[in-house]
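Read from first to last, the chains carry the letters A, B and C; within each, the first residue is number 1.
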Amino acid sequence: MKQKSVKSTATTPKNGVSRRKILQTAAQAATVGAIASGFPYRFNIVHGAESFRTIGLGVSVINEIQSKASKDIGHRIRGQALGYGAMFGKMLTQNTQYEVAEGYYNDMDVMWPNKVWQPIDTRRIKHWDQISNLAKTGKLTPGSQYGQGDAPFRQLWLDSNAKVTLNGPTRYVTMVPGWHNADSIGYNPDETGRVIDSWGDLMSDEFKGRVALLNIPQIGMMDATMAVEALGLYKFKDKGNMTRKEIDFVIDYLIKKKKAGHFRALWETFGQSVQLMTSGEVALESMWSPAVTAIRAEGVKCIFASPKEGMRGWHGGLAISAKVSGRKLDAVYEYINWWLDGWAGAFVARQGYYMSTYKRSKNYMSAAEWDFWYEGKPAATDLPDPFGTIIIKKGKIRDGGSYEQRFKKIALWNSVMDENSYLVKRWGEFKNA
Amino acid sequence: MARWTAERKKKAWIKTLFSGYYILFIIFIFGPMFAMFVLSFQGRLAGTNFPMRSYGFYWWKKLIEPSVVGDMQGALLRSIILALIVMVITAVFSTMLGMAFRKKFVGSGLLFYMIMSGIMVPGILISLGLAMVLKVLGITPTWWFSALGVHVIWTLPFGFLIMMAVFNRFDHSLEEAARDMGASEWTVFKEVTLPLILPGVVAAGLFGFTLSYDEFARTTQVAGEFNTLPLDIYASFTQRIRPTIFALGTGSTIFSIMLIGLFVLVYTLIFRRK
Amino acid sequence: MDRPSPNFHPGLIGSAPQAPAPPKTGVGIIKRRRGTGVYVTWLVAPSTIWLILFLIVPLLSIIVFSFWQINDQNVMVPNFTLVNYAEYFHTEGFFDPSSDKFLTLSSNILTLWTTLRLTMEVMVICLLLAYPIAYFLAMQVKAFKWQLALFLMCMVPFWTSYLIRTVAWVPMLGRRGLVNKFLLWIGIVEKPLGFLLYSEFSLTLALVQLYVVLCIGPIFFSLAKIDNSILEAARDMGAKPYQIFREIILPLSLPGVAIGMIFIWVMIMGEFATAGLVGGGKMALVGNSIIDLMGTGQYPPASSIALMLMLTMMIGVFIILKLVDIRKQL
């Protein structure tokens, strides 16, 4: 079998190409590489009743996750990881090209009214009741505070007309809540010389020229707004949906800071934010929490700050294309149920993400892992990342405390504001200042 | 006699000067790759930055193992196949257009700007536009169909302009002579024109290969369900940037230089025999 | 010498030995002209069809989008409105003397201007760097195989994805990068230079490194076609080297220079990724504005910005072609 696949790859298709043949050739490319190096081919695709495609970021679309799902539920699942821009465009404009969208609630304002996804019946979600209240009501624990912006509970429930409603719970939802996290500031304590505990520190003159900011206009703006408010320069009504005047205030402030040489760089991708810190370019930067783990894995000191104002949260989940029906739809529901079952939750936890059905993930994690990733306790043993590399040494403690502490106080959720295109325009002015 | 030697000395000196400049130039364009070469030999627990923490082939081995996110080997193969097809089409189309544009014809001005639009329209939008059109028509985008389509649109103007430079001040008398001797258009092209323009055709094809292999924006929305290499690399940036990509870059550089060496060798052997 | 054979002159395009002009009869010309017409149709047909399918049709859809609108539900609705274009030129407080934006151009135009300025800088540097290389390859290197081999060497960095290459600038130019290490080691500077990375400097440098090779090809072809006998004749008449260069070589190579300029012009005007990765996102290019808008599904304004960019590029190409006729028959 393997011998045969090598042979057919050798012939380059050119004329009269059949779609299948090329796809085969392409799929076999990986096989050739694997055979050549003597490694067993890892993706034993199970020939199940259905095959479907899922797209998303490298956060949730990871070969090991989809191939494990294929094996467990007996369907053929093809994951396609994309960069954010490509993912967004494909989700919005090509819902015939995927069955599952591993999307984000902050994009819901755009996705849902465009009718690219279909309502999901919560009665078909096996572990629906085990999904935490963070996504359902906005309060992880009764004492938590609501965050501003596109919190999942504001983008989740659907009324009888399939419109997004704030009056949950209802039977149908837009997207099944999945992995999520809270972002703040990452810093190198040797460089800052002190503890960073407020968003305002991002703008502190002590770190002039050693600061980086996120360059996705919608989210970068939120981090900057958190800083401006923390410094007491302006009181915003709703940081998740700012007015033009409020946007102007923040941008003008940013332009002033930029002209004074405050920012070392603006970053766009996860990898870039890691590189900024490991290369010693910045002392502190707005950062995604798993980036801190990645930086430490390279032997560079980095602490994930817990700002007293609260962190900025984001929440991803699984949506179904409006074009899916019949047996394929059943298969897709099986996949979503598989995601919530716990194995995948444990997998993403080892990268520092949290899962909506986190109590089920516990079954798939060692006690030491659970205590470290979710309870905020010191690591009882050395802990691996999902791929087996030891990244947490015994005795280390996760910054930002336990899961509950972290999500009790989310100041703001990633959002797309009503004045989005004005924001983008003014963000461009900031970049050009 | 003395003057002749001085002249010769001067020529040799100028040539040395230019060679020196060429070497400096090569150092400049290979500059950032130098750090890449070294860093590809980082040990396991290290990243894409100095200092070197340890040495090893860990990331080189990763190159042939299945990737964490995406499928680097498959994407590489797809990108190479795609680039080769684009190379052939670009070379053929540019040559044909170059031949046609030797004389003004009805609509030549319009066609010229139409071809040029291919590099002027922002790639990400043409990608979106094509994706929307395909959706309306119910056609599935794939890397070997729709991505190929936009890649050729992108590479064709480069090849075309190179052919314009080649055909500029082109001497027609040889072709005329052949025609008058009763040769068919095809024979004239094959026996007279093509040998004269061959370096241009090769250059047009190479530009096609290079630009297609590297293309990112245009491919984003029309690659279909399999990523090309740049899409795959960009998707992997949502994770940590690993030195694997440096190993890939170093590997492809070494491979390319070896190909060039091979080319010189083969060329020398063939023409020596003749 | 390993020059193949007299009638196989790959290195000297178009300067083949002169054949005596054939006697032309009226009939012959007419016959040939008609033949040429059909022949031209066949030559341009495949490319034209391809262009219509993959360029004109999508382009028309972009033009249509630019007149559409996003409603407050974030849905794109068919419409015919000029609001996207109005927004393009609009500055809040343009006519208001009390506003700090009084008589300031709109941010889209300022972004276009930044892009234009950067493009010009990169273009000039690329031409200055590439010309001597093309000259060296065409005039000093005689054998075709070495010409091609040395040209290909310049192209090798291009075969590493630009995403990888731009990431590699950080360990090169960063505070702890190789260049700073070297400067500290030889003692020119006392602390690492910050401006080397995430600045206009690094962006320009990276863009030049990325695209300079595009200039070499066309200039090389123009230079390679210059007939040596013209140069020798000039030399025999006592022309000085710089006179030969200025009077003969430079004018004859202008078409190649113009084509190289067009390449750089369209490449940098449409650039976006490098600005983020090496420029540290500190300069917004038009491409970045388009990406930022598309990232939230704002396709109509993105389309209008893209079309304005295209128009600017088109004007640029038009001006370059007006200055230099690349189809000139000499």
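Throughout what follows, a residue touches a chain if its C-beta (ideal position, glycine included) is under 8 Å from a C-beta of that chain, and two chains touch if they have at least 3 such contacts.
Since the structure is predicted, the reported quantities are computational estimates derived from the model, not experimental observations.
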| item | value |
| --- | --- |
| Chain contact graph, described as a line, ring, star, complete graph or other shape | complete |
| Most extensive contact between chains (C-beta pair count) | B-C |
| Separation of chain A from chain C, taking each centre as the mean of its C-alpha atoms, in whole Å | 37 |
| Whole-Å gap separating chain B and chain C, where each centre is the average of the chain's CA atoms | 15 |
| Sequence positions of chain A contacting 2 or more other chains | 84-85, 89, 271-272, 275, 279 |
| In chain C, residues with contacts to at least two other chains | 167, 170-171, 174, 176-177, 291, 294 |
| Interface hub residues of chain B, defined as touching at least two other chains | 48-50, 124, 128, 132, 234, 237, 241 |
| Interface residues, chain A side, partner chain C - complex | 84-85, 88-89, 92, 107, 109-110, 113-114, 209, 212, 215-218, 258, 263-268, 271-272, 275, 279-281, 416, 418, 420-421, 424-429, 431-432 |
| Chain A to chain B touching residues, read off their complex | 12, 14, 17, 19, 22-23, 25-27, 29-30, 32-34, 36-37, 39, 42-43, 53, 57-59, 61-64, 78, 80-86, 89-90, 93-94, 96-98, 269-272, 274-275, 278-279, 291, 294, 297-299, 387, 389 |
| Residues of chain B defined as touching chain C within the complex | 14-15, 18-19, 21-22, 25-26, 28-36, 39, 48-51, 93, 96-97, 99-101, 103, 105, 111, 113-126, 128-130, 132-133, 146, 149-150, 152-153, 156-158, 161-162, 164-171, 173-174, 176-177, 179-180, 185, 195-200, 202-203, 206-207, 210, 213-214, 216-217, 229-230, 233-234, 237, 241, 245-246, 248-249, 252-253, 256-257, 260, 263-264, 267-268, 271-272, 274 |
| Residue numbers on chain C that touch chain B, as the complex places them | 2, 4-5, 7-11, 13-22, 32, 35-37, 39-40, 43-44, 46-48, 50-51, 53-59, 61-62, 65, 129, 132-133, 135-136, 140, 144-172, 174, 176-178, 181, 206, 209, 212-214, 217-218, 221-222, 224-225, 252, 255-256, 259, 262-263, 266-267, 269-270, 272-273, 286-287, 290-291, 294, 299, 302-303, 306, 309-310, 313-314, 317, 326-330 |
| Chain A partner contacts - residues on chain C that touch it in the complex | 70, 72-76, 87, 107-108, 110-111, 114, 167, 170-171, 174-177, 194, 197-198, 276-277, 280-284, 288-289, 291-298, 301 |
